[in-house]
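Going by the order they are written in, the chains are A, B, C, D and E; count residues from 1 in each one.
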Amino acid sequence: MVTLLLHPLSPAAFPLAAAALNFIFGKQLKAKTAWISSAASLMSFAVSIFLLTRTAAHGVMQGSIIWLEAGNFKITSGFLLDPLSASFLAVVSLVGMLIQIYAAGSMKDDPEFTRFYSTLSLFMAAMTALIAADGLLLFFMAWEIMGLCSFLLIGFWFQKEAAAKAAHKAFLATRLGDLCLLLGLLMLSSSLGTLQFTALSEKAAALGASAWLSAAALLIFAGAAGKSAQFPFHIWLPDAMEGPTPVSALIHAATMVAAGIYLLIRTFPVLALDARVLSVIAAVGTFTAVLTALLALRSQEIKKTLAFSTLSQLGMMAACIGFSNPGAAFFHLVTHAFFKALLFMGAGNVLHACGTQNLGRLGGLGRPMKLTSGAFLVGSLALAGLPPLSGFWSKEGILAAAHGYSPFYFGALLLTSFLTALYSARLYLQIFEGSASRSADAETARECPKSMTIPLLTLGVLAAAAGIPGSPWMGYFFQTFIGISPHGDPASYAVLAGSLIACALGLAGAWLSAGPWRGLGLKETAGAGRFLEKAGMELPNSAARLFASGLKTAGRAAACTDRLLLDGAVMLPGVLLQLAAAGFRKIQSGFILHYLLAAFAAVIGLLAAGMNF
Amino acid sequence: MIFGAGILKGMLVTLRSFVNSYFKKPDQGGLFTVEYPEKRLVAKERFRNFPFLVYDEKPEDPRCVACDICAKECPPKCITIVRDADAEGRPLKKPALFDIDLSVCMNCGICEEACPFDAIFMDHEFEIAGTERHQSLLYHKEDLLKSNGYFRQIRPSDAALIDARRKEAEDKKKAALKPAAPPEKKE
Amino acid sequence: MLELIAVKGIYILMVFAAAAAFASSLLPNLFHGALALAAVLLAVAGLYLSLGAEFLAMVQILVYVGAVMTLVIYAVMLTGRLEETVTPSGRIQRAAAGVSCAIFFVLVCGVLLSTNWPAAPGGNPLPSVKDLGIDLMKRHVFPFEVLGILLFAVLIGALAAARREKS
Amino acid sequence: METLFIQIKTLLVNAAALVLPPWGVTLSSMIISALAILGLGPLIMMYLTLMERKVLARMQNRIGPNRAGPWGLLQPLADGIKMLTKEDIRPSAADPLLYFLAPILIAVPALMVFAVIPFGKGMTAADLNVGVLYFVALSSTTTLVIFMASWGSRNKYSVLGGMRSVSQMISYEVTLVISVVPILMAAGSLSTQTIVESQSGRWYAATPWGLLSCMIFFICGLAECNRSPFDLPEAESEIVAGYHTEYSGMRFALFYMAEFMNVFSICALTVTLFLGGWQGPLLPSWLWFLIKTYLLIFIVFWFRGTLPRLRADHLMGLAWKFLLPLAVMNIPAAAMSHFLSEPFSTAVPLAILMVSVAVLSFFNKGYAAEKRVYHFTD
Amino acid sequence: MTPVPESHYLIFSLILFSAGIFGALTRRNALGVLIALELMLNAVALNFVIFSRTAPEGSASGQVSAFFIIALAAAGAAAGLAIVLAVYRSRKSIQTDDTNLLKW
């Protein structure tokens, strides 16, 4: 029984059980559902910590069952626990647990409490299963369930028109991505014959580059882009903020969006076959990073800004993979999960406290909400990339990879990190600093209850300390531990200096714009901002709509041809028959005498014929 | 044989009457039909048919004194009487005209009962068919008069009684008149 | 000499029957039509006698004239109004019928006259009633029984069809 | 004495033979017998009417016609003259063809039937070997003629009377034919001549089934010619005079004659089939025949004198529910007697018939009237 | 046995048959058609009897089949008339052109 409990897939099993429990007995349990799902995530966190230590001690654990067997064709799927997945598992279950505890507080008075928690647990189960998956098959299934959960959770308050529309949009965008992933997956399995990650890399290496494989790789990247909201698919993430804040924190910051990057890391050997694929990934990633960073500056709402910042960080991670350094991307992934969840929970507290998240009406919350403002400060600084905090180390890794790849990308990423620092600091200053008089509800704001602030604080500590294992002080222990790719040359000072300067400039800019130069230059940049907005957001939307309408007209055309040709062909004999029948009906006059006469005439005819005149 | 029993009994009855008609006397079940024209049934004494007037000696002076009682009593009013008058026009005790319309008379016999002078009686004669319906059945005095002998012949017992009574009345009158007047008044 | 008279009689009978047959089709009054049919039936019975089939003639009279004609006349009396005369069918119909009958007649006549029938027999004795009975009971016993059942069925069927519904 | 009439005929034929060629002789013999029947028919009819009135009168303690001629013997002549002189009224709406044909056609079968009746030994006009069937066939044609009479006279009463009499005749005809079957089985032939000869030993009426079929035949014969208890169709009291309401004068006389000839032929056939025809110890054969026939005719008039008229549904009920089943049961009984050995040959048929009569009486209990009980006020 | 040649009899029965058919075709009254039918059946029965004369020694099958035809015709007439009566009772007329319910 114990070994079963410690099975690599058990972290997925606990939340699944919790989800089922909540779903079935939701009505009776009511408030207790929160405890059940939090307990489940605690258990899965504990198990994942144990698994982490085991993999660290014994190395890779693997096991699989035969999923489908038809003749000599066999599909197996099961779990693969290597340092990468074990560590990611630990991170995800930790963040999930903290958010569930936090959600208990923030969602307390919501009537659909049980539905929220059962879907959340289901999501956790899917995420953990995805991480522990050993092959693309189980991975893809978990991927789909996650898509579903994100749809349910974004559209949690489905009475609200905007939420429903946002959920719809998110689901469709990710569906498109999933479609590409499926195609890529199928192409891979058809050419390489297997879906297992380990086997994948060996087969790919053996087969060598080919157009088929590079196309498959590109499709897989498209799938990852869909889920992790890279450039063409990024339209759904800002709208996904309609969902409750814990959802945004968990799904749209830490876990789900990271799954795309995790997929790219897992299938890196295939991607790496063709340099052009990597260059595409790098370009898309960088472009997304720069664009969304600029957009983050413009948005007026806390959560929307955070959403844009997530987009830009994901862009940077994708770019890092493009620079063929998945290890750094993963490290940034982990640190980002911590401080981004922290920022979102902070935003949640602010929303919970004063009911609005519009920056224009907030300000001076530092005094009434000391703890939240403190944690929020640490989070935003980590995001900005201040040296001792985790953000600096992981970003520095990416910048090093960029530097190694090409100076142009290095410059772009530097610009992004500067912008990141700028908007994160500005965010903090606008909410917590400044005079309290600006907004009426600022006075009423009070610190949130303990169940919401404790997770905040723990994440604050993690956000601060997570960077150290991957920093030179610990000899890049984290990178070597996950062992995917060697760390870049730490010694290049240019990279180190560049990141430091970008961070400092960003912080200074934020401080100035919030303080003495408030409102300066707002108008001039407005025009450029709107153009940016239009280019960034409306264009893809209209493109999507165009694509949809195109499909519709194509459908209509096909329908009418079908009706015309096929139905026509079928109906033709019927119509002819009716015409003929109308003609023949006249013969049946209803008078017996006519029939008799006809019969008799026939007799005579026969007779005459018989006598062969 | 409950089914056919009734029929057989009925058949026996008719057979018996058939046989009896040949061998039995009229009153024991034989034929009692009187073949009318040749043999006739003797009419019973009180048999009533149309009335007739009675005269004693001569038809000229019948017993009827034209008192008109019978005409009044006759329900269908079929008797018409005109009193006779002598040369000077004084009424006589004799009818000049005495008609009975036989086609109207219903032989009820009321006139016989009403007549105080035993002048009119119901006859037994019924074969009086006429050739036409009007005049031939209007009997006048001459047709109606019949002698007392005929009366005595068709109704012996009644006639005897009446004659006895008349004779007695006559004797009484004669006795009563003998001391006063001759008896010729009461014929 | 007697045969001559008989033959003459037969021909007269035939002519009478033919006339009666056409009368039964053409007479407007249905009752007269039915009686014309009766006349035809009797004539045919006479022909049966001339062909030596006495039993058949008597059966014909008994069954046809006695029973079937009574049925037909019953039907005529029940369905026709007391003085109703039947409207003859349209002119085209009659013409068409006449023409087709004429053609039919000519065709079959052709056949009749062209084939040479076996010589009018003098010899073999005609089957008497006894032979008929034996044959009926021996060779044709099955159709005889089936006929009994059929008549029984028709009896019940006719009753059911013609019966006035209770409700 | 026995062969009186035969001698007369041969005399005549020889006379004709002198004059006519050979074929003429056979023709003349045919004609002579035909004329005999033609003469006999009306004669019989006339004196039957007289006999009937005499017998009925005697039964009702009356004398009956004795005015016309000695003992009323010329009464039929008087009737005939009366019929002839009566004005022949014809309803205007009458159907000329039918009205005219009916009386003629009713007399034809009545007369033709005489051809088959064996008046004496060797005195059958035409000894067909389908004799009985001939008789039944011709009697069935009368229904058609009655239809013509009733429909032709365009009178509701006559149509009603016609319908009734036809339905009555049809129902009784069926029983008539079935009741004859046992005799045909016993005699083995349809010709009346052979049937009479086969009765030389023992009359069929003597056997139990023979007696029963004789009674059934007789009753159905009566119903066939609308006589006595079954004379519903021309019941004066109910529907005027049935199908011959509109007929008067000579036409009515024809109907009247046909009716009486039917009576005579039915009785004659009963005699030939059941009572041994002209079989008789001493007297000449034709005399026996006449005696027996007139006895039966007396019974017919006897019926007329006693029995009340049957109601329409009783009439039908009697035919279909009593007589027909009885006649049908009679056939196996007759078969039994033919095949079983002596002691059983009478016992078994008797048993069968007894049982069937009992059963049928039980089932027809509804028709038999209850015994009427008179309560005199005390 | 009459020396009338067979062909005369056959022609006569043919005449009967044509009269029957003519009647059936022209009669507008259902009963008229039935009468015509009887006529036709009679003609056929007559044919059987005609040919039974030349049948081989003593075989009565000709007359027997004629006998069957007569019986069947009687059965047919009974059924036909019952139906005609039923039709009359429901439609108050048996003109053949009135009963055209089965027309399409």
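FYI, a residue touches a chain if its C-beta (ideal position, glycine included) is under 8 Å from a C-beta of that chain, and two chains touch if they have at least 3 such contacts.
All values reported here derive from a predicted model rather than from experimental measurement.
Fewest steps needed to get from chain B to chain C, stepping only to touching chains, is 2. Among the remaining chains, those touching chain A and also chain D are C. Look at the CA centroids: the one farthest from the centroid of chain A belongs to B.
Closest chain to the protein centre (all Cα atoms averaged), using per-chain Cα means: E. Judged by contacting C-beta pairs, the busier of the interfaces B-D and C-E is C-E.
Look at where the CA atoms of chain B average out and do the same for chain E: the two points lie 80 Å apart. Mean C-alpha position of chain A lies 101 Å from that of chain C.
Per-chain Cα centroids separate chain C from chain D by 28 Å. Separation between the centroids of chain A and chain B, computed from CA atoms only, is 151 Å. Touching two or more other chains at once is no residue of chain D.
Among all residues of chain B, none touch two or more other chains.
Residue positions of chain A with contacts to 2 or more other chains are 593, 597, 600. Of all possible chain pairings, those that touch are A-C, A-E, B-D, C-D, C-E.
Those residues of chain A that touch chain C in the shared complex are 593-594, 597, 600-601, 603-604, 607-608, 611. Those residues of chain C lying in contact with chain E across their complex are 3, 6-7, 10-11, 14, 17-18, 21-22, 24-26, 30, 33-34, 37, 40-41, 44, 47-48, 50-53, 55-56, 59-60, 63-64, 67-68, 71-72, 74-76, 78-80, 86-89, 93-94, 96-98, 100-102, 104-105, 108-109, 112-113, 117-118, 120-122, 124-127, 131-132, 135-136, 139-140, 143, 147, 150-151, 154-155, 157-162, 164. Every residue of chain A that touches chain E in the complex is listed here, in rising order: 585, 588-593, 596-597, 600. Across the interface of their complex, chain C is touched by residues 1-12, 14-16, 18-23, 25-29, 31-32, 34-36, 38-39, 42, 45-46, 49-50, 52-61, 63-64, 66-68, 70-75, 77-79, 81-86, 88-89, 94-95 of chain E. Interface of chain C with chain A (complex): residues 89, 93, 96-97, 100, 103-104, 107-108, 110-111.
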